[in-house]
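Shared between the two complexes below is chain A, which has chain B as its partner in the first and chain C in the second.
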Partner chain A sequence: MATGGDIPEVPARPDEGDRPRVGVDEWVASVEDRREERAGIAGLARRVDDVVPSWARLAAFGAVAASLPLWMDRGDLFAYGIFTLIYVLLGLGLNVVVGYAGLLDLGYVALFGFGAYFYALLSSEHYGIHWPSWVTFPVVVLSTALLGLVLGVPSRRLLGDYLAIVTLFFGQAFVVFVNAANPTVRGQGLTGGPNGIADIDANDLFGYELTTRRQQYWFILGVVLLVLTGLHFLSESRTGRAWRALREDPLAAEAMSIPVNRLKLMAFAFGAGIAGLTGCMFAAVLTAVTSGNFALPILITIYAVVILGGIGSLTGVVIGAIVINVSFQFLAPENPQDNARILFYAVVVLLLVIGIRPWWRLGAVLAGVLALGVVAHTVAEAVSPSWTAGAVVEGGRLSGVVSDWVIIPAGHDRFAPAAYIGLIVAILALTRIRGWWRTGLLIPTVYLSAIVWETSFVEQPAVARWILFGALLVFLMTVRPQGLLGTPRVEIV
Partner chain B sequence: MAEKQPLFELREVTKSFGGLRVTDGLSLHVEAGEIASLIGPNGAGKTTVFNLVTGLYRPDSGQILFEGRSIVGLAPHKITQLGIARTFQTLRLFLNMTVKENVMAAAYGHTSSTVFEAIFRLPRARREEREIAALAEEKLAFFGQRLAGYRHDQQAYNLSYANRRRLEIARAMATNPKLLLLDEPAAGMNPAETHELTELIGRLRTDGGYTVLVIEHDMHVVEGISDRVIALDHGVKIAEGTFEQVATNDRVIEAYLGLQRSA
Partner chain C sequence: MGLPLAFNVELFTQLLVNGITLGSLYALIALGYSLVYGILKLLNFAHGDVYMIGAFAGYAALSLLGGPLSPNIALAPLIILMFLAAMIASGLLGVVIERFAYRPLRDAPRIAPLISALGVSFFLQNSALLLFGAQFRSYDSFVLGSKNPEFFEPGPLTDPLFVVKNVNIQLIQVIVLSTTVGLMVALTLLVAKTQLGKAMRATSYDREAAAMMGIDTDRVIASTFFIGSLLAGAAGVMFGLLFSQVFHFMGFLAGLKGFTAAVVGGIGSIPGAMLGGLLVGLAEAFAGGYLGGRWSDLTVFGILILVLLVRPSGLLGTPAIKKV
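Moving on to the complex of A and B:
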């Protein structure tokens, strides 16, 4: 080991003078700016998001949302307004657990259910108890938070997937308990079994009952604004930072004086409290609760809200809830089928626009699909009129075009399943080939998907709704994997 | 000096993983106000010592004393609150948080406002926030231009490797420690940066008032900073003393180079 003496002179410190140096860590430091410049509309949205102060955003959201009842009818206000707000609240609660603390909690919806059922027990005809809201709300919120804490105790040492399994079990156990166990308390089934609990009281503001949709909407909106404000302050506090630190690296967080286990429990309890609060208003608005309200599809929807909005972002949760609930309600079976049809064709065209480069290849595909449709329709009609005699399901702006373009046969029962299988084969083939062959095969594939849509899915709105909803999510998450307002998370290897 | 109680002391500490004894009856101590270095070949048990001290591992036997009090069995965050902070050899920053937030997060242990105070922005929460922000800026200012103001709001993953090492030190400083444990702070740095770091570790004592224990492979750094050098091999202390004494010690040379000097 050489000692001292012959070591060459160490060069002078390169950052003499206070100017930042070009070329060394300056370049690394400016990565984020450059990335933002590149990012088009989404980048613009992010820059606006960065510039506008949070109170102004909250005020703008509050003002627009508060004016909603003035131009919406009652049914729409229920489906679009109140449900969106419920999803916002659920998303905000889940965001604390998943987004801040990074705990994959799949039992979250059970806490929501617990809150709703508990409210129902304390304020309904079921046991004839009618506590006013200012009593029930704190009681329900605190007990739900306590339940979240209890659920968190065995879970706090579980990591990642294992935590997900345990909490998923809890969620399912809740549904089964409510549905099947239904223990008899004071001569009554506690949970009402499959029938649930009906005749639930409306929320009241110190005795003033909120019975109309407008009142309920404004009340929930007020709660949403309060929760948003509180969470914003919380996320900028030592607790919020500690949650994010433990999401990033629990071991380093522990070594930096953060009590990781206690903070995990706090996140569980806090998220649960918000779920309980939401349950109170949800039960009151629906006036009846059944276990089906708190099953897996709701959990998936809440996760979709948080993930789509961008995990960890409050604005993201609000936007995610709006996008998800509005598109979901828009596709509801009772709405005109043309809604779903327009969305379907829009998604197909958007996918093509995003997926195909350069533009002339895209033009070729679109022109090819249109031409193929016209030719196929003409040929099919020439062969036998019965091949194009099928009626387009429901009218609307697009149905005229569709009936002249897509082959919808009458009386050929095997056609629809055959087209369906053909579509699957074509999609599988698409994944195996490259280049011009692929572009060529894309044309019949798109046309086939239109046929399958018109012959199979339009007739089953409930199925089509979920498929379109899924396709929309896949599409959005492909475009922005980090969610609409989320920051892309970076791991350095 | 010799009779004074050391700030920090390991007494006969043994830790094994399965059949492998990583530290074997190891005793060492660090005096208050001292800069000590822990050297030894790879696998000598240096990082294990840090993990034992900070509570990530629990020793099989032996005592670990900090300010005369045993800290064996305390949770890591409690030990940090008592005044021992560390950096990680493998860089464990909160990558998706900003530079300033990284430092602010480490102030958790010596702040106390509750969730409710934070939500309602009560006076204590607001005052603590201001204090934490000022503390973070002060700790980052320690690194001069390297972690200057314009970097505070950048995500930690944007930093260069050397700057991430500096941020780790800043973060450890924000826990208000008495003893700083630095695990290979010069790893991955170029000669100029290493030189700068040597100077910085000196300033950690003079300006910051910290006692420092450093694990380091770069002998220029070790020579430049150490009051005392402790050499480990196979979990056993093989030499201790000034850099000159340790660097010329036969057992140390043997451990590093595998030479058999005598028969």
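Moving on to the complex of A and C:
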């Protein structure tokens, strides 16, 4: 990599580690960090992000996205196209609340659910109401925004953390209400209980029903482009600047006569409105809503989308949504295991390529992993054939290679959990050591991760993806809290 | 459903006993939130899952010692060993979480450790799902220590210890209550009398100043996490003994209620956490007894919202003063 070649080598900091350096101005002290910021893949992405104007980015995204239905089949378009757009919209809405205004809203997914349920009530057989979309959309969006406003009212008094927990309660209460309370209105349960509401009408454009996947996809894409444009202007506006001031320091913002409370409520209402809008299209595309679609795991996924791309960046949300949804769909239980396996090994190799700087060290690690696998497999087979007799989950070309390389014991119940815990310990240890020791430990860690994948994860891809998303949040927060494209925030004391 | 026509003293007393038992469990969880919040101003979302891991560690100890149906050792040392295993496992887990998920974020914007905590919580929940499966694991406290467990003869734990006018108090409730009181007294003494306690108070008052006075704040914070998580682990075993079932999702709701208890009592205050725990436990027991089970959770959340709106600093908390 030639990036950052003109920056001179910085001597190692004397107090390596993370103890607070009392008396050192943080802005000056973090000069190396800021230089590092510009190096590597993420730095490259940031520089590209800085150079390309926003209208060009929007046009490029729109053009590529619009061509998707031309070469994708219907199922893929549903899983990869429509769902990515839904996540883009959800991420954009959450980005207003978390990214612009800096309010940690953990009840966001309930607002999305409210929008979807409300749309379902207004256009389905449930009550026999079939309002056209040009009526339901404004009604649902405005009422969801109003609900967000009401939810935001306690935020005027609460510290950031209290707000988080109150909104988390709200999200929980929504699921309980929809599932268990299900009050009877006009002769039947309002929310349909655990069964949800089925037979929801498709969205329509002034009477023209959007029933095929292509039409739905293009419709949602149009909405996404509109929202992106709107948010771009909003974030550059007076209000957007005021939100960022509020995020950086509420007290200072208030002292500068920024109406803090009104802005907080506005952010809440705005994010909620986008969530409601997404809910309308989500319900119509799925044709049914159940409470399981609006529970904690989806919230974590939306947070992963926003944080991966970079809090506060529109381009970041789009990239985050693409990455998260594609890996999400690859790890879906109904997806062929071969795809998930290829994705896993590709991501591991990619991480190694990004993470290990001199190429010969990278080569040494890759060769070491391959050699270790062959040796370990041969030794294990020689000791006891049952150690390598476990069945490989079939799928594609890689399974043959895997069965000769990874140790998959038959009849050792404790092996898989032990390997999993061993992998966690190895990864944690990796973060603590440096230099050649680290390279040395990396080899068994990579091999161990292959074992864990083949013995535990491949059989339960749905659990595996939640584990990986949880780990991703922690990893991103500790390594790169600003995400791929976010602006690093400086706390000046 | 609905309020009973005549006031029933026996039902009331029974609910009071159950509520106090439940409350002591929540108080232990709340203490963990309170200690950590007091020192780091961090809301440790993963605390409920540490409690869940504690419950599983207790179950693992029980299984290693022969399982509930045929334990290798007598009942009293068995229960003590279960508590020890859970407390040590949870305590260490808490230290590891602090070291790897929170310490790198010590000087980051406040939202970063919260999101990291969310990730840890989700990670632990699903790791437990992967390792232990989705089915409930049972402590079988009903037959624990019984002479004929195969014939489901009740053991001493759930046998009514005293029966006063149809109100029955089980041995397990007495164990839970006395363990909680013991742990709380120990914690209070630790914070008030020892050098570590003094360092903890200093760090919570002003971390930077404490560091300048030569206190190793990182170590103090790690100890705080160890102590708080240890209490959660004990609570996990208590839950397993009281309700017999442990499962991977149990930490979420218990964590929310423990947090409610901490906030109601005044977050950062140790007596507040105890009081809050009792209040939440009693509220849940009485709402469950008089209004029906599905209202008990909503009542607890309602109390939280009410307290936050009326007295955000909690019953025993001191209002935070913002310094510029």
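FYI, the second predicted complex is superposed on the first by the 345 of 493 C-alpha atoms of A that agree within 3 Å, B and C clash if a C-alpha of one lies under 4 Å from a C-alpha of the other, contacts with A are read in each partner's own complex, and residues count from 1 in each chain.
Definition applied: contacts are C-beta pairs under 8 Å (C-beta built on N, C-alpha and C of every residue); 3 or more make two chains touch, one makes a residue touch a chain.
Small disclaimer: the values here were computed from a predicted structure and weren't measured.
Of the two partner chains placed around the shared chain by superposition, neither chain B nor chain C is touched by A:W437. Residue contacts after overlaying the shared chain place A:I467 against chain C, while chain B stays out of touching range. When the two structures are aligned on the shared chain, A:M477 is found in touch with chain C, with no touch to chain B.
Legend: residue contacts after superposition of the two complexes on their common chain; A:V176 is shown touching chain C, with no touch to chain B. Touch criterion met: A:F270 reaches chain B, while chain C stays clear of it. When the two structures are aligned on the shared chain, A:P417 is found in touch with chain C, with no touch to chain B. Shared-chain residue A:M256: touches chain B; no touch with chain C. When the two structures are aligned on the shared chain, A:T239 is found in touch with chain B, with no touch to chain C. When both complexes are overlaid on chain A, the residue A:W134 reaches neither chain B nor chain C. Chain A residues in contact with chain B (one complex) as well as with chain C (other complex) are 18, 20, 251, 255, 489, 491.
Against chain C, the residues of chain A that register as touching in their complex are 18-20, 22, 26, 98, 102, 104, 106, 154, 157-162, 164-166, 168-169, 172-173, 176, 180-181, 251, 255, 296-297, 300, 303, 307, 417, 420-421, 424, 428, 431, 456-457, 460, 463-464, 466-467, 469-474, 477-478, 481, 489, 491. Note for the complex: chain A touches chain B at residues 1-4, 7, 10-15, 18, 20, 24-25, 28-29, 31-32, 230-231, 233-234, 236-242, 244-245, 248-249, 251-260, 266, 270, 487, 489-492. Across the interface of their complex, chain A is touched by residues 54, 56, 75-77, 80-81, 85-86, 88, 91-97, 101-102, 104-111, 113, 115, 118-121, 125, 128-129, 132, 144-146, 148, 150-151, 154-155, 157-160, 162-163, 171-172, 174-175, 191-192, 194-196, 219-220, 223, 244, 247-248, 253, 256-257 of chain B. Per the touch definition, chain C reaches chain A in the complex via residues 37, 41-43, 96, 100-101, 103-116, 118-127, 129-131, 208, 211-212, 218, 252, 256, 259, 263, 294, 297-298, 301, 304-305, 308-309, 312, 320, 322, 324.
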